[in-house]
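Below: one structure, written as structure tokens.
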Amino acid sequence: MKTITATELAEHSSRESCWLAVHGKVYDVTPFLDEHPGGAGLLLKSAGGDATSAYESIHNPELIAETLTEEALLGEIDTSALPSSTLSKEEEAKAQDEPEYPPLSNIINVDDFELVAQKYLSPEGWAYYSSAAENETSRQDNARLFQILKLRPRILRDVNSISTNVTILGNESSVPFFICPTGFAKYAHPNAELNLAAAAGKEGVHEIIPTSPSMSLEQIAQARSSPSQTQYLQLYVNKDRSKALSLIRRAEKAGMKGLFITVDSPVLGKRERDDRLKALSLGSDAPNTGIAKIGSSTLLNAGLKWEDLAWIRSITKLPLVLKGVQAVEDAVLAYQHGVEAIYLSNHGGRSMDTSQAPVLTLLEIRKYAPELIRNPKLQIYVDGNIRRGTDVIKCLALGATAVGVGRPCLYSMTGGYGEDGVRHLINILRGEIIGNMGLIGATSIQELVPSMVNSQRAEMEIFGGVRL
Amino acid sequence: MKTITATELAEHSSRESCWLAVHGKVYDVTPFLDEHPGGAGLLLKSAGGDATSAYESIHNPELIAETLTEEALLGEIDTSALPSSTLSKEEEAKAQDEPEYPPLSNIINVDDFELVAQKYLSPEGWAYYSSAAENETSRQDNARLFQILKLRPRILRDVNSISTNVTILGNESSVPFFICPTGFAKYAHPNAELNLAAAAGKEGVHEIIPTSPSMSLEQIAQARSSPSQTQYLQLYVNKDRSKALSLIRRAEKAGMKGLFITVDSPVLGKRERDDRLKALSLGSDAPNTGIAKIGSSTLLNAGLKWEDLAWIRSITKLPLVLKGVQAVEDAVLAYQHGVEAIYLSNHGGRSMDTSQAPVLTLLEIRKYAPELIRNPKLQIYVDGNIRRGTDVIKCLALGATAVGVGRPCLYSMTGGYGEDGVRHLINILRGEIIGNMGLIGATSIQELVPSMVNSQRAEMEIFGGVRL
Amino acid sequence: MKTITATELAEHSSRESCWLAVHGKVYDVTPFLDEHPGGAGLLLKSAGGDATSAYESIHNPELIAETLTEEALLGEIDTSALPSSTLSKEEEAKAQDEPEYPPLSNIINVDDFELVAQKYLSPEGWAYYSSAAENETSRQDNARLFQILKLRPRILRDVNSISTNVTILGNESSVPFFICPTGFAKYAHPNAELNLAAAAGKEGVHEIIPTSPSMSLEQIAQARSSPSQTQYLQLYVNKDRSKALSLIRRAEKAGMKGLFITVDSPVLGKRERDDRLKALSLGSDAPNTGIAKIGSSTLLNAGLKWEDLAWIRSITKLPLVLKGVQAVEDAVLAYQHGVEAIYLSNHGGRSMDTSQAPVLTLLEIRKYAPELIRNPKLQIYVDGNIRRGTDVIKCLALGATAVGVGRPCLYSMTGGYGEDGVRHLINILRGEIIGNMGLIGATSIQELVPSMVNSQRAEMEIFGGVRL
Amino acid sequence: MKTITATELAEHSSRESCWLAVHGKVYDVTPFLDEHPGGAGLLLKSAGGDATSAYESIHNPELIAETLTEEALLGEIDTSALPSSTLSKEEEAKAQDEPEYPPLSNIINVDDFELVAQKYLSPEGWAYYSSAAENETSRQDNARLFQILKLRPRILRDVNSISTNVTILGNESSVPFFICPTGFAKYAHPNAELNLAAAAGKEGVHEIIPTSPSMSLEQIAQARSSPSQTQYLQLYVNKDRSKALSLIRRAEKAGMKGLFITVDSPVLGKRERDDRLKALSLGSDAPNTGIAKIGSSTLLNAGLKWEDLAWIRSITKLPLVLKGVQAVEDAVLAYQHGVEAIYLSNHGGRSMDTSQAPVLTLLEIRKYAPELIRNPKLQIYVDGNIRRGTDVIKCLALGATAVGVGRPCLYSMTGGYGEDGVRHLINILRGEIIGNMGLIGATSIQELVPSMVNSQRAEMEIFGGVRL
């Protein structure tokens, strides 16, 4: 491999020719500038220099190889010859100024973690985590639905002993919620997915590893506290079937117990708070919004079809889950295609703005395809602004097997809390579920029944024009 | 009994070993720290010293004996040897700074009392009284329901003479509302329940004494202005039947005229404003939220079942009321179990957050079990943010016999108003009821009929999935 | 008649004995203190002195004789011996500081007048005019209803020539709205009802004179610009039939063309902004709120019944209107009792708070008693926050003959505008009605039809439990 | 033609006699003062002097001849004798202070342009563009409707290739939206309609030229980038048929491909923010609001009727569109009268306030006249606060062929952006449409179907009383 000098590297520091060194290798990322999900600006910041530490703060080490073509790798460089990446004065000042965060014992509910995260995260991290598509109305609507679902507690039942155990895809979970896959976890904590894995293991919680984590899938798998700890893989099915196959094989080898195929994002949602930061950092050279993104992504597959499920089924025995079902018609199709579970989600409002709330889709299924509810051949999961034990209870009473918790898991690692934060989060939710099961008169998840939820206001919002 | 010295006592001033002196007796409260409903912090403040005045400012003298096990009583101490409990400099300054409160004549409606209370009460007192569970949405929803119930006044009826008399459990009341049981009344006034009893007697109003008042049940009973004054006892049925029996016997002896069995709190609601103050005062040692509380309480009985009602019935002739019915199914069950009354309540939003509003449960009963409405064998009471005469009128017109007023009674004692405040509160509500009965065209409670309430918007929120 | 000296008068300046001089006569108002609708405080301000100018600024000269018993008149006094009533320094300063008000041409809509009024009026005047009962939710709800009624304009109709003429009780009006009766008009302008009468005459608008105007009924009648100008009298039917009869005779003599019998206020609504000012000005001696007012009023008649209509009918040929009908049941009763018109009103939200909006009652009548709509034997009027031409159009399209405008007429006189202000107000509304009739495709009031109003949202709020 | 001196001209500078010089000609505009849509104030500012530059900044050169009668032209003047129109000191200062506007790349969504416009526009320009009639509730309601329409994305469809092409009145458009006709475009940019035409041509977008543009129709037609570029003419049908005919002939000659006959404004809506500015600038001499405007306009035709359509049809072969249909009854009438398209619009809330939202009228048509939906003989267009790609998608899925975008096109020219701004706007919307079509699972406009929209909440608002 060719050796490249620091001088040579430094000459390629513009939009026209942009070279970067990462882990002692030099890459030409010029053609990739506009495809970089974080925007060209972040690449240009390190143009003509060593990008290793910037890269590591966000990405999985293997990502660069998976993403760039072979031609992009130009040669090697002796990184000792490169100026060490140091904090700027500004960054140092900020580091010393760092606010102190409250002790975990003062974190009393899930929203408390969000307040810490808002202070702790960089503007980019906060924008990436907290934002949603366009006007962010779906995200708010997800929360609104839980507000208009009212509970009908039953009385005089012995609730001394309450169990929150559920079986998800055949695996025992101590609670009826799991950790959603989330991108760019390193904004929240350097150990990111390792924290999540360790906390999940110790608390008996399942987690779904994102397709593109900030560490390798194998590293995260090794962080399991015991071989029986349950992890699943989120799957964005690669356009290149050989790449898709290879990822599935890795998942099987790493002990993943199911594949959560993301189907609500054939293209990228328009997350404007992200875009706005990129526009600011790039000035007038910012990439066009919206349109340019279609089909250009390395992660998304705009061509994925129902027929592709058969291929996936043919190459693996792992249970399959469709993540992002948003209409009863697709729930029925999914059932007919034999997936083990459907996951009602609008991607936390991050894909299509003004899409209906997942819990409304659950009610839609109850109304139009009641045979899918609590069907032994199909589990149903739900997410979308789960912040309270009562949110969980509402979904379960209406027929979900479990719910997903996403952003809060990231928030709980911030403030330096790391693994302890995640465990505290889990226990807050677990405590709220147990306490509220006691108040509603249920000692097991099975005893959570639809008549415990006054869903009248929400039912007035179920689409009346469904034809199956 | 062993005699303990001040020095000895002072050695036990930590979480690991926490002794307290109260009324000349020394207790080891270490095992009780996490069970203390006010949080361990309050106990630790007096650890190794004399807690008598702190104890008296909140609790009934007998509570300590009822709560702690015999082993907790370590011995006696000569309290003259203990430093007298004095006000801290800060507390003195605060006492001198004390704001002046408006004359009662300037208090024009119920909410005015709340404004005074917010200023007068300590942070702990305000948090305890005003807070509700979790996001406090049920408390707000209770109020919302009264807003969407509209009145339909009838005209050209002679309303020169209006009577607000009702018969509650066979006892005459001058008004169709009563005083709810409330905890920790001493935050509001040193004479607490004595004020309530005296005011209630003079104004012809019934009251429900809490299971755990800040003075003894007998003291409160003696504060009646005449033997015919009506008091009831709120009953958290003790897990230990002998303790439950003994309390019922005391109630009978003290002349209580009915038992209001609380059924909406088998476990404690998660009141975060309370928890937050405790967390602050304890720093990183704060008890875990939520989960730890289940089953640990000395007051609550998570195992109370319908079958236990038969036992209670077998040991007393007092009328029984179920306080905290929240679904028509349980209203019907209660009727079948032969209780004298049901009390629709979500505990002022303090138990389960997002539980439906009690007045919505009343409409639910009207719809699904109309035979329970104005049934001679079953009375129905309602509470939940009753703040106006029109709120009372709405509940009565829809079928309730009487309504409960809780927080406002506490608020009305603050600002130094004491008994006079409570009487003023009663007369404000009485005046609003009379005035609005005049406006709606009713001269007696019987003339308040359902068609006087346009309940259309609320009826759209009645759960449609009830199966009886 | 006995002569009283200034010294003698001055000795009676307390709550225990309160004498006042008005127009050279001395009255003992001690027994009347608590009945004074403006509160005892206003009387006590002039206690032991000359109250003439204070009296005149608010009241009709005859009111004192009508209100007080004969024993109250103690004797005469030489008013030249009394200190002349002068402005306090504070009042002088305020008078010089007086803000300038915008030219009428800058007043573009009805709400603009309210902004002027808020600045111009004394705190008492503003509170009296703008307030409503209790939480003032009915007032807001009246406005809300107009917001949820949507219009459905029709196109391609010749609207070059638009007439807004209507016939009210057989009398031509140039517009489909009239001036409501309102109390204490002198707060707004010294010439009060004279302005209203003059403006109404010049603009071809009808008005309803209040039972208790700030000038005599005869003075107001004389202010008509021509004998054919139409005025009606609002009638609070006096408890004493001889007094009622005498007022009706005066009305007939003065040329009033109908009697608007107020039926929504058998007792006084609880207007807390008023009460609060009185409480402030009286300190701890303020009268009890609410209850004390029932039955004590000289104006209101809590005993008025349907049967009394027959008596009124028997003594006069004037058309009778029931003002304050709030339920379809009473609309039907009114029709059966043969009144010429019903006036749907909740007294601008000033009587019973949370009473349903009058326009909702109109929809209720459309639904349950459609035969009353556009019935030649019964006219229907509506009021309640009419602020826009579209509000008027909505009421008319749904079946009302005309609507009432109350508070804005008072506001339009403030800022020194007087008669010109009232005329400007009338023309703003007339202009909006004409313009919007053009836009909706109607050239006459008859062409305003129900299908021009999308009342769907409001219809969901019509009470479903009506039994006729 | 008579020659007039500067001195002579200067003598006519008042309301009583107001002369203006424009392009070397002197006009007596005294009788026209009150008819001037911009208010008399603007004319009086230049009274007795040269108004050429003020005139040009707003108007089409031909407008003056079209509007004024022949008698108004008094003679010629040597403009070199007139003081040159220069900026006042204030205006100069303002010009130097001019804020800098963000680069277009930072404009990420349609609302961003509105923020720029609010800063850039003169108070008059901002008021004219952004305001709506009366309380502006229809404008807000238009937006609310899009919020309550929720989307139901379908999954696992190949969306790699997405087309947004539609055929409007037989002409291909690259996107399913067009540029609405808007008045006074020169406030936004000196080149106004030229920018719009150029941008539309380059981006393959249709536009509707206003009846009264700020440049001549022919100039705008010449700005087309190719002869095949599609432009239509908005037609306010002149009361004088010969003038109407002449305009239609010019439209045909200029290559306009259809006539959009405005039918929602037989009279002018009451736009109070406009009126308020005029009132301010004129002080106490401001024209009466509302009523004076009926019938006085040179543009509007209050007498236009359904029968007139036959005449228009008889004189031209251009397709006819009715712009401003607001009720299903009129949609059916329009269809029966054989127009090529109806355009559901409440004029952006600028005509009749509280008129129902156009998208609600679309749902009304779906319910009561479904045969009009996707009918080959009738296209349906919709406008009213289209700000997002999802707004467009909702209208199309419910049966519209295309939607109109109005205010944003003006806003996008401000900040000096001109043609580039308009193109950026178009591409933002195009990008959002493509992206969201991908997310909802549609690759062509035809694949947008009603079941993709959960319209349940909006359907509850459809008027129930339609009789066809």
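Letters A, B, C and D mark the chains as written, and numbering starts fresh at 1 in each.
To be clear about the criterion, a contact is a pair of C-beta atoms (placed from the backbone, for glycine too) under 8 Å apart; a residue touches a chain by one contact, two chains touch by 3 or more.
Since the structure is predicted, the reported quantities are computational estimates derived from the model, not experimental observations.
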Subject >> Turning angle required so that chain A lies on chain D, C-alpha fit (0 to 180°, nearest 5) >> reply: 90
Subject >> Interface residue overlap between copies chain B and chain C, same or different (over half shared) >> reply: different
**OP:** Indicate the whole-number Å distance between the mean C-alpha point of chain B and the mean C-alpha point of chain C.
**Re:** 44
Original post:
Can you give the whole-Å distance between the Cα centres of chain B and chain D?
Top reply: 63
Original post:
Out of chain D, which residues touch more than one other chain, so two or more?
Top reply: 460
Original post:
Which part of chain C faces chain B closely enough to touch in the complex?
Top reply: 134-135, 137, 141, 263-270, 272, 275-276, 279-280, 282-286, 288-295, 302-306, 308-309, 322, 324-327, 329-330, 333, 346, 351-357, 360, 460-467
**OP:** Using the touch rule from the top, collect the residues of chain D that touch chain A in their complex.
**Re:** 103-106, 108-109, 146-147, 149-160, 162, 388-390, 427-428, 430-432, 434-436, 438-441, 450-451, 454-457, 459-460
